[in-house]
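Naming follows writing order (A, B, C, D and E), and every chain is counted from residue 1.
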């Protein structure tokens, strides 16, 4: 089978539709993962032992099982208990929860890296727990973790093809659909690869910049 | 004209390796996988028997998406597709088919009472109704050809998912061949669902064993044995328990089914 | 007779198996300037950290202005203090750390205004005005916009003092506030402490290795060893004529190392 | 009625495939990690370039693209792989690219003084790497390798998309055959988690063994 | 007349813009015990590291036993040495580092046997026999099976010496081999050096701040400052009657700091 440029131009608009969905899912998933990760990181530090342990176990479980299976679960099993999510929403929740367990580790490391003296100074300033978190600890903890977070968002981007299993029409699904229609796999799959590589390379350049910008803290 | 077995290199190769690699779909009753992992179902059973007669003792089935079957055949991943891959002119151009094996009409799975009154695929083109179908399958093409926008034809990975999506109200209807839908319904035993069959305007389709272009000799040998089985009634004995009609398959020919639509 | 502002009553504190304080009692009078001296590991920092509620005590009682620090009355009895009680009690106490612990992501002025704005609801304008006065007092008003990373150690420590003062605590705790500084910078900070001593009527507890400073500054000196008060007295007596042998050897070593007493 | 134990054994057959994929994929990944990780540190620009290209390509494109490529496109280049081979190849090369960076980082984390001791003892570069640097770096790599292995375990679920009868795939079959969604998916979630735990604990045990006698060396 | 075993001829070395050595020349005779002393940053370590080929030189020549170290003859001229040439030359030289640099993942005996087995193809049994002799000499034979992490600093340094000796180099370089040790442990290592000095006819170059040791141990002392030899001579003359003012101030400071000369 030969490479066919005409075919490439023919399917390009369809694939671009897929790229849009892929990027949308990544962006929404990233936001959710950032929030969920923070929730898990804080929850695991809760003085309530049972809560902390419970959240810890759930996070470990989610991190130790495949996203694909989780997506099936969210999409096909949750409706049985009355939770019906659209494919994109289910996909974003799956990505967000799964990657939230990764970003939680990043947050944890970032928080642990804030020196103990900062907690003590906050206490000596009589700040409340909430004020200590929002004004003292997180503002110091978050900038150094931005590169690591970005890293996970790039990884998430590359896992969006999983969403095709729950009928989200992202890039990979569009490509498969094109392949199904014309019985040609070479061009669509190669193009998907090229799209991913191109976006990843741009993302890596961006990441280097983030590392440069936020990677270090002055004390 | 059936060629003699002597110059059928592909068949010799299959005999030598002792099995043929067949692609099947995960779609009862065309295919079924028992709790013991044994592959059965109408299409593989026919293929198994034909190959046995050709001197190839067994088949090794691999489950595949419809869309991946023809590329897989072309890439040499399978020797033959026996999956309810219905004959259509484009497909006939891409592969070589045996004489018809399993025939079926199309059906729709909808909510009880068919609230939106679907009768044909064209009905989905109106007011944004959605229809689910297997990716790369016949139903997807029929819907698209009937003018349903791409965004309203939802590619669903397998029948069970399609059933679930109708139950959950994610799609308005799910389309598969009649027998497949009936099988799904039987397993689901869901009072709130209903089958619309046949879909108006959709032709009755037959599948055949699909071979890679260039394997015409093998196909011809396959046809010879298939014809003998049809004649002896053995064919009917294999497929009718699954609900298929042997008469339907014997009443038409590949040449007719592959002819470009009028 | 005035009541003591701090009343420590038979407190004990262990870290794991290691008992740092074992039934220590002491009192501090309002406006008193107290120097805590003693060998490394004797528990001086621990006492200050306990007063700042950075460590809990295992046994005993502490009262600040007659009010229990780690306990609160409930149903007629005393129960362990909750976070709200501690927050209330902490208003009376400020602490300056050996390693400054400035908030590195905030400018100097923000470091000083943060706590008054958040904990006392002071308006920004008022907080900044007061912060500038304090920064002026410690000689740092010119650096109000600077970030901590741009300051020398001595400058950081002066800002840390201003930050602690901004909450107007009745009791200030200083833990070796000069020992992380290069020798040239020590003076800057000591000058500020002098000023503070002379100008305010805060109660001050100061852990230090600067014997000269302790001598001139303190109303009373406590000499600690292994979590116990070995000797206490007026600085003049203590430094010129220590009674306990342990105090004598300690002071002799300090002098041998070239420190002025 | 439904033969659950039969279907469970079907899923267990899939589990065998999953384990095979994980073990063989990890083996390939390990080899690639060292080849590419050491390649990036090579004195020869050509080798460095080659290793960098490999790493960036496989980290830059999605595992799905690689899988589909290995399965559907490579045959046109005359390389026809069984699904298992394609799965092992794609997973091993993909995770190997990530692990290569771990190898590189770990080797760079070994102090300059160890190289100098090598020179002073007249060991060749290769001897120094093999006997001195890599054995020490191994301990640094181990925890991250454990994470990589879990990533690989989870990624095996995507091979179900190329029709390899792994655990997820079998779960989908069981679902089609029985019409029950919860049973197969819950079963495999638990199995995946159990496998992940096994990896975690084996790596920890290995780490403890290797760290024996090195107390005080690591910080 | 014997030829010098090391002949350093007008070598220069910069790090970035900073010129450490600028046209330094010196010679060392076989069996000579040479002490290099001088203030911090004067380039002593750099000279040893250059001899061990841990740093390259920018200009000049070094000959070991008459053979060029950084150059090799090719097509009638001299070209920069390749790795093979360096490997051959390194056989003549061993070095002991200030921070020991033992291989932490190998037992003591493996540390000592590794290089002979790998670089000289000595059989394991023979290598271990020789290693035990060396460990015995440095008083470490009892710890042969221990891991480096289980040793004290002085013990580590003695193993490091045994490890360097195992290759039987003609020239041994010691870079402040006692300065990373606690005062109590220094003696252990100095004792080994004494023994080595007395018992072998290796050429030894030793950078040290232990003036007493340098005095008693060295045949000749070189005093460096800013990459230049300021003064050289027999230890007795040098320490009792330094001629250069720079040497005098240096020695005075060292004595003031309480070191024996």
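To be clear about the criterion, a residue touches a chain if its C-beta (ideal position, glycine included) is under 8 Å from a C-beta of that chain, and two chains touch if they have at least 3 such contacts.
Per UniProt, the chains are A = Ectoine/hydroxyectoine ABC transporter permease subunit EhuD; C, E = Ectoine/hydroxyectoine ABC transporter ATP-binding protein EhuA; D = Ectoine/hydroxyectoine ABC transporter permease subunit EhuC.
Keep in mind it's a predicted model, so treat the numbers as computed, not measured.
Both chain B and chain C are touched by A.
Comparing the CA-atom centres of all chains against that of chain E, the greatest distance is found for B.
Looking at D-E alongside A-B, one finds more C-beta pairs in contact between the chains of D-E.
Chain B and chain D have centres, each the mean of its CA atoms, that are 38 Å apart.
In this assembly, the C-alpha centroid of chain A lies 55 Å from the C-alpha centroid of chain E.
With centres set at the average Cα position, the gap from chain A to chain C is 46 Å.
For chain B, residues touching at least two other chains, in rising order: 65, 68, 71, 75, 157, 164. In chain A, the positions touching at least two other chains are 1, 76, 165, 185.
Residues of chain C in contact with two or more other chains: none.
Taken pair by pair, the chains that touch are A-B, A-C, A-D, B-D, D-E.
The part of chain D that touches chain A in the complex is made up of residues 56-57, 59-66, 68-69, 72-73, 76, 150, 153-158, 160-161, 168, 171, 181-182, 185, 188-189, 192-193, 196-197, 200.
Put simply, chain C touches chain A in their complex at residues 49, 52-54, 83, 87, 90-91, 93-95, 97, 99, 101-105, 114-115, 118-119, 147-149, 163-164, 167.
Chain B meets chain D in the complex at residues 26-28, 32-37, 62-65, 68, 71-72, 75-77, 157-160, 163-164, 184, 187-188. Those residues of chain B that touch chain A in the shared complex are 65-68, 70-71, 74-75, 94, 132, 135-136, 140-141, 150-151, 154-157, 161, 164-165, 167-170. Contact residues on chain A toward chain D in their complex (touch as defined above): 1, 61, 63-70, 72-73, 76-77, 80, 158-162, 165, 172, 185-186, 189-190, 192-193, 196-197, 200-201, 204.
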